[in-house]
Each structure stands twice: as structure tokens, then as C-alpha cells.
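Here chain A shows up in two complexes: once beside chain B, once beside chain C.
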Partner chain A sequence: MSHSQESGGRRLDRRRFLTTAAVGGATIVGASALGGLDAEAAFAEPMPSLDAAIPAAFAEGRIVATNRNVLDVAGSHGERHLIQLTNATSIWKLRTTTAEAIEVGDGLYARGAAMPDGTIAADAVWVNIVNVYVTIRGIARDRLHLTHGNEELVGHIVPDTTTASYLGGALTADLSRTRIGQEAQVLGAWRPADGAIDIARVSLGH
Partner chain B sequence: MIPLVSNLAPLACAVLLALTGAAKLFGRQTAQLAANTVLVRVLNDGRRATLALRTLGGAELALAAALLASPEALLPGIGTAVLGAGFTGYLAYAKATAPESSCGCSARAEGPIGVRSFARAGLVVAGGLAAAGADSAWWSQVSRRPGGSALVLAAAAALLLCASADLDHVWLLPLRRARIRVFGNPLPSAAGERVPVAATVQLLENSLAWQTAMPVVRSALLDHWDDEGWRVLRYAGSYQDARGTHPVSVLFALDLTLTVDTAPHPAVRVSLIDEETEEVVPSSVLTPVPVRTALPLAT
Partner chain C sequence: MACGSTSLWAGEATWFCCGNAWGSCGSAGTGACGTCQSGKNMAAWPNLSAACWDITRPDLCGENMPRRTCGAVMNVRHQCSGATVCVTLADCGPRTKSFCGEATCCNGACRTNRVIDLTPSAFTAIGSLSSGKLPVYIYE
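This part shows the complex of A and B:
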């Protein structure tokens, strides 16, 4: 208990320090400060690559074991990956989270750098992420009933997390503009236990 | 009431079995359908699974004919009930061993086995038992009490409709739409609530600041918090200088009330903190987004 309070305190101190650095002496990049006015300016020249010396690596599969910060992953095509998590690894499981949220049996998609010993040092890990095109067939207080082809799916609404985008607009917590019969794209986290989806984002009317 | 139901049960069961049996026996998709069922694993072969489904279709048609022709006989009713019990057992087995497989019950491409599949099998058992108890032929029952018969048959049809997903668009979706029209959308409207973090990330990813910092950023969103009107988004990154590669925290600070709808070109504060020395890295490591060169025009 005292340990977690202590680490929580450290976390807040660190955030406070980073906020001061971020807001204090920061470079302001706005529309008029650097470059052209439209976003497409970025495509005028190719982006520099991350780091040519380190080969980029991708891994995808089900987690069969976790050992401290190493995930043992069985790929969909019979391959095996060892994925090393560091404190610079971002972890997504419905929302930005930490390594403690990862469970054996979860699906995973990881991006990182291939290490000489064969492991992958992960930059970013997405756990149970799914992206499906669906039709909304029913709306309840805490879930959407969806069909993907002929398959029925349940999409759970998660308070403070589920967002919606209408006609390509900004993501909003306002879900009340969903309609039965609409086509939608759902990004979310699959629940291995019952096959349902916790919805992170539902995009409508694109 | 009960004799009425059990006298009409042979007719209802016969129509149902004739429809599903004919679809299985003569359907063009039977082979495709069989491939999705657990039968393939049990019989070790797709062709044998197809044959099994077609044989079952034939048996269903034969039962339907027997039910129609001799409704007072005990055997067709018992046969139907046994068939229904067999379906239930098969569903339970498939659900336990391969929950994602299709049930193949009504010979259409259906989703995984659910409550409705079991309800359908249960209805076949109940219908078969009721048919076994029939004490007069359905045609004489219909001519004796046409009104009551029509009512019972309509109820049976409605019951089967509810247990099958094929006709949802006819009755279930309009019903749900009507409920939302009357009672309103049950989902939160969240008017005037705070901007979700996902919307701030969206705003950042559409910004010039993101394009400028992208070569340095390596991770996805690592942490975020709100402080004094700012929303700070932290990413992990690395930059290179003469002494090698250094890990950094890439921090973006944005106004926490803005979204892409309200601010198409937001000003974003960007800073890089060296993870080892905890010092602010000069912004010269960021690559300014090049001004777009105009494409040559054909004259």
C-alpha cells in the first residue's frame, strides 16, 4: 500500500516536472510558426526514416506466457516471438495503460526494433485491438448490437472511453447520434473470454 | 386448448421440417455450409459432412411427409421429438468444442451457435411431443374450428420467427427503431462534457507539430494528464547527435478544450526531455516541415 502510494507520488512529481518543461520552455509549433499552412505540406518531401541502423520489426499473435517484462507470443503462422517491454514502450488495451493490464491469452500486435539476440524491443504494443466494419442492429444503454457480415457481435460502451466520430468530425463522447441500420467502423478491444468488443471508437457516416 | 395445439402441431412441425429439410437436401450452399460446422471435424472430411447434412435433410423431409399424411400416428411425433433432442445434443457438443462454428440448422449461413439455436431445437422437441399426443387429424381440426386454428398457427409462426435470425429485418429492427423513436436514444449525449483524450490525440495527429516531431517519436501515446488548462501527451522517442542515440520523452501540450472541429490549425507546445539527463533538448533536432514546393504547371 505504502509502496503504491509512494510510486503514485513519484509519478505525480514526474508529471509535474514534465508539465513545467513542456509548457515552460517549449517550442510552439503552430500554423504560422513553421512551414506551410496546410497539412499536406508534410507530403512535399519524404519523411526521414526512424533509424536506418536498427531494422524495424512487427509481431502479431496470442500471448502464451509473460515473464516479467518479456512476452512470449505465438504468431498466427506458427512463428514465435519474444517481446521485450521497456518503460519507453507504449501499451494500448482499449486505452493507454501499463504492462500489468496484459494477460496470457490476449492477442497482440507489436512494433519495435529487432535485437541481435532475436527478441523484439517493443516501441508500441496494441493488445486485443480489432478494427471491423459493421452494421448497427440494436442500441441499448451500455452496448451496441452489431453485425459483421452474417456474424453477430456485441460492442460494449465503456464510460469515459468510448468515443464517436460523425461524418469525419472530431471524436466526441456524444454517442446519441447513432442510428439503427447505420454502417460503422468500430475500433476496439476484443474480449477473449466472450468474443465481445469493448468499443474505443465508432466512426459513422464516412 | 391443449388438444387444439397438439392436433395442429403435426402441421406446424411438418411445414418447418419440410422447409429446413428441402434447403439442406437441395440447397446449393449445403457444401459451403457444412464446411463451417463442427461435423467436418467429427467426420474428418468436408464431403462426408455435406453428405451427412443432405441425409439429414432427406430424413427431415420424410418426417414432414409422415406428419402431414398420418397426423394421428404416434411414431412421426416421437421421431420429431427425437430429432429435436438430437439437435440439442449436437448443439451442446458443438458449443462446447467449437463455439464459433455454425449450427447448420436451417441451412443458411448463420452466425455462431447462440440462444436462438437452442430455442429452435427446443421448439422441435416440444412440437414433436405435442404432435405425438394428437388425437385427430389436423385437417378435421381446421375445418372444425377455423378461427382458433388460424390463431394457433399464427402464434406458432410468430414463435419460429422469433427463434430465427433470418427475418430480423422484417420485424425486429423496425421494432427497435420504434422504441428509440418513442423513448429516445439510450446512449449518453454528453453535451458540454470535457473533450475526450482520443479527440486531443486526433487534434495532435492532424497538426503541424506532429509532422515536425514524427521523426523523433517512436512509441504510441505513453501517458497523458491535464494540468492548468493544458493537456499534456507524452510519447517516447529518440534522437541522434554526434555522441549517439539518446532516449527522450516527447511532450506535447495542447489546450484541453480544443478539437479538430473547433481548431483546425492548433498551436502545440513541443518539448523533448532527455531521459538520462532530464534536460530539455534544443528544438533544433526537430525537422521543420518543409514548405511545399509548387508542382510545375504544364503550359
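This part shows the complex of A and C:
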């Protein structure tokens, strides 16, 4: 699909709308000129193809406070980011979700546009997302026991969410072909409370 | 060093984290080169060194990419959108041999085998983290 949509007779790309929304505040945000957005497609939209006059920005870190639609994020290397969410922001936390699912203590990666006041107007935010190379050490009905490097991990199987891909095949909800000792890539959402992962997708290798 | 436009390789790009202070990435450290950070446009290459090659073994999937060492730069371009990001090599990876034959497609064209791992900053410049994989062309 196209990520630009007609608005008031002129073409309005997603990033231009995003920055306009962030600058204009709640009134503009609340009256989304874009209407419904395809969240998965929006996540996949590459930022570099958009308006070069608006610098792209990226942030990584852990949320230390939230204030309305602004996330206060402490970066892993001492930096600080203020991330603005708008109606045009796509949010992932195990699945596509809304800002209400974001909590203090969560980790995130955010992509967006750098605003003149130093904040980042977020185009997409991935909350607690991890993508780790693991070895399967144990299999239970509702979880996989994993090792990642020298670290032991629990990967929770989430009903109606967790899928598997065997040797590059199509995604399936059937995890019955997982085997102890298999190497795998697990994409999921980290749980800050206990360090476990809710599995979105496990790709089984050779 | 600037990123160039000479074709080097093609395949799947995946993503990994490094230098983070949170999540299961917290134990990842700063990679084989000691410089890797998720918030910078960096990458892992399967032939960063002989020791790295022994771990990744892309040749077992028919991928005999040349050696490139810490600090080398590459342009990574999404096969379909054309979005491009310039990355600096900072780690060894991905584990190509574990996923031989895996393909990622767009617009009916597929790229096979994991040939480069991007940091979240680099990966999000050309696609979505939740997709996990992208079909890419690599230039230097």
C-alpha cells in the first residue's frame, strides 16, 4: 500500500504528517488526517525515503517516566530521549498495540523524526522487542527453556500469538516439531519483571 | 571511510542487539570489535576473521563471502523499497550455517541465507524490527 495519502487536496506523506501532528498538539493528533493506518505496513516503511529536510532519528533505552504521550527514555549509554507518540505512531509490544500497553521500566527502540526542540516524533516504537539466537534446552506445554550464550532464558508460548517456522518454511502455530538441542532464533517481547521472553516467532534451524 | 556502490553480496539481513543495558541483550556486550552499540548503524559480518568464519560457516550454505574486518563499511539496500543504510562492521555474525536455505521475499523475488546482521538502528532505517528479516543487496 502507499504510505502517503491525499488530505485536503494535497499529498501528505506519513513523516510530514507525523511532525505536523507532533508540533500541532492534541487537536491535530486527535483529528488524524490519515484515518486508519495499516500498522504492519507502517512499521515496514523505511524512513530514508521520506522528506530529507526532516532529519531521521533513532532512540534506544528504557522508559523511566511517561507524561501523556511523551516517553522519557534513558539510553544505555547515558543519553536521554523524549519520545512523542501521536496517532500516526505504530506501536509493537509482542503484537501491534496501543500506547496504553507501554509501561515504565519497559525497554524500547524508536524510529522517528528529530524535532527542533530535541524530542523525537515517533513513527514506530518497538517495546521490549528482542531477537536472540538460542539453543533449545527444554520443552514444556507452555514454554521453551533456552540458552542464549551462557545465559538461561524462559520463552513463554503465548496462545494465539506464538508461531514457528521450520527451516525457513511458512509460519505455523504448531510447535510440536521443536527438538531439544535445536538452534533457533527467537523474536519476542522481553518481560522486565523476570527476564523471560514472550515468544512472537521462533525460527528453527538445522 | 565512505560507503560505496560496488556490488558485494546479497541475501537475508537479520538484526541483533549489542551494548544494550536492558533485556536479554543486556549480556550481549559490545561485540567482537568492542565497539558495537544498538543505537548506531553497525553490522555483523560472517567473515570478520578466521575464528568468526569457524562459527558462522556460510560456506556450508554456498555463501563464500570475502573477509571484511572491524571498521569496514557497507551499504545495505532493501531489495524492494530501495531504502539504504550505511553500516560499519562491529561484530561477527549471523550464524548462517544454522539457517541454510532460509529465504525472505518481496514482490515475488527472494534472497536466500543469512548474510548480514544489522543493529536495530540500521535495521529500522530500511525496515521493521518485528519482521525479523529483510531481503537485501550489499555494496561497498
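Annotations
The rule we apply is simple: the second predicted complex is superposed on the first by the 157 of 206 C-alpha atoms of A that agree within 3 Å, B and C clash if a C-alpha of one lies under 4 Å from a C-alpha of the other, contacts with A are read in each partner's own complex, and residues count from 1 in each chain.
Just so it is clear, contacts are C-beta pairs under 8 Å (C-beta built on N, C-alpha and C of every residue); 3 or more make two chains touch, one makes a residue touch a chain.
Quick caveat: nothing in here was measured; it's all calculated off a predicted structure.
In the superposed model, A:67 makes contact with neither chain B nor chain C. Applying the stated contact rule after C-alpha superposition, one finds that A:152 touches chain B and leaves chain C untouched. In the superposition on chain A, A:107 makes contact with chain C only, not with chain B. In the superposition on chain A, A:124 makes contact with both chain B and chain C. Judged by the touch definition given at the top, the superposed model places A:201 against both chain B and chain C.
With both structures placed on the common chain, the touch criterion links A:140 to chain B but leaves chain C unconnected. Of the two partners chain B and chain C, more chain A residues are in touch with B. In the superposed model, A:175 makes contact with chain B only, not with chain C. Touch criterion met: A:185 reaches chain C, while chain B stays clear of it. Contacts of A:88 after superposition on the shared chain: chain B is touched, whereas chain C is not. In the superposition on chain A, the residues of chain A contacted by chain B and by chain C overlap at 40, 43-44, 47-49, 92, 124, 126, 150-151, 195, 200-201. On the chain C side of its complex with chain A, the touching residues are 14-17, 19-25, 27-28, 37-39, 78, 81-85, 94-95, 97-103, 120-121, 124-132.
Contacts from chain A toward chain C in the complex involve residues 40, 43-44, 46-49, 56, 58-62, 75-77, 92, 107, 109, 111, 124, 126, 128-133, 148-151, 153, 167-168, 183, 185, 187, 190, 192, 195, 197, 200-201, 203, 205-206. In the complex of the two chains, the chain A residues touching chain B come out as 15-19, 21-23, 25-31, 33-45, 47-51, 88-90, 92, 95-96, 123-124, 126, 137-141, 150-152, 157, 159-161, 163, 169-178, 180-181, 195, 200-201. Chain contact summary for the complex, chain B toward chain A: residues 99-100, 109-112, 114, 165, 168, 173, 176-177, 180, 185-191, 193, 196-199, 202-203, 206-209, 211-215, 218-225, 227-228, 230, 232, 234-236, 238, 240, 245, 247, 249, 251-253, 259-262, 265-271, 273, 275, 278, 280, 283, 286-293.
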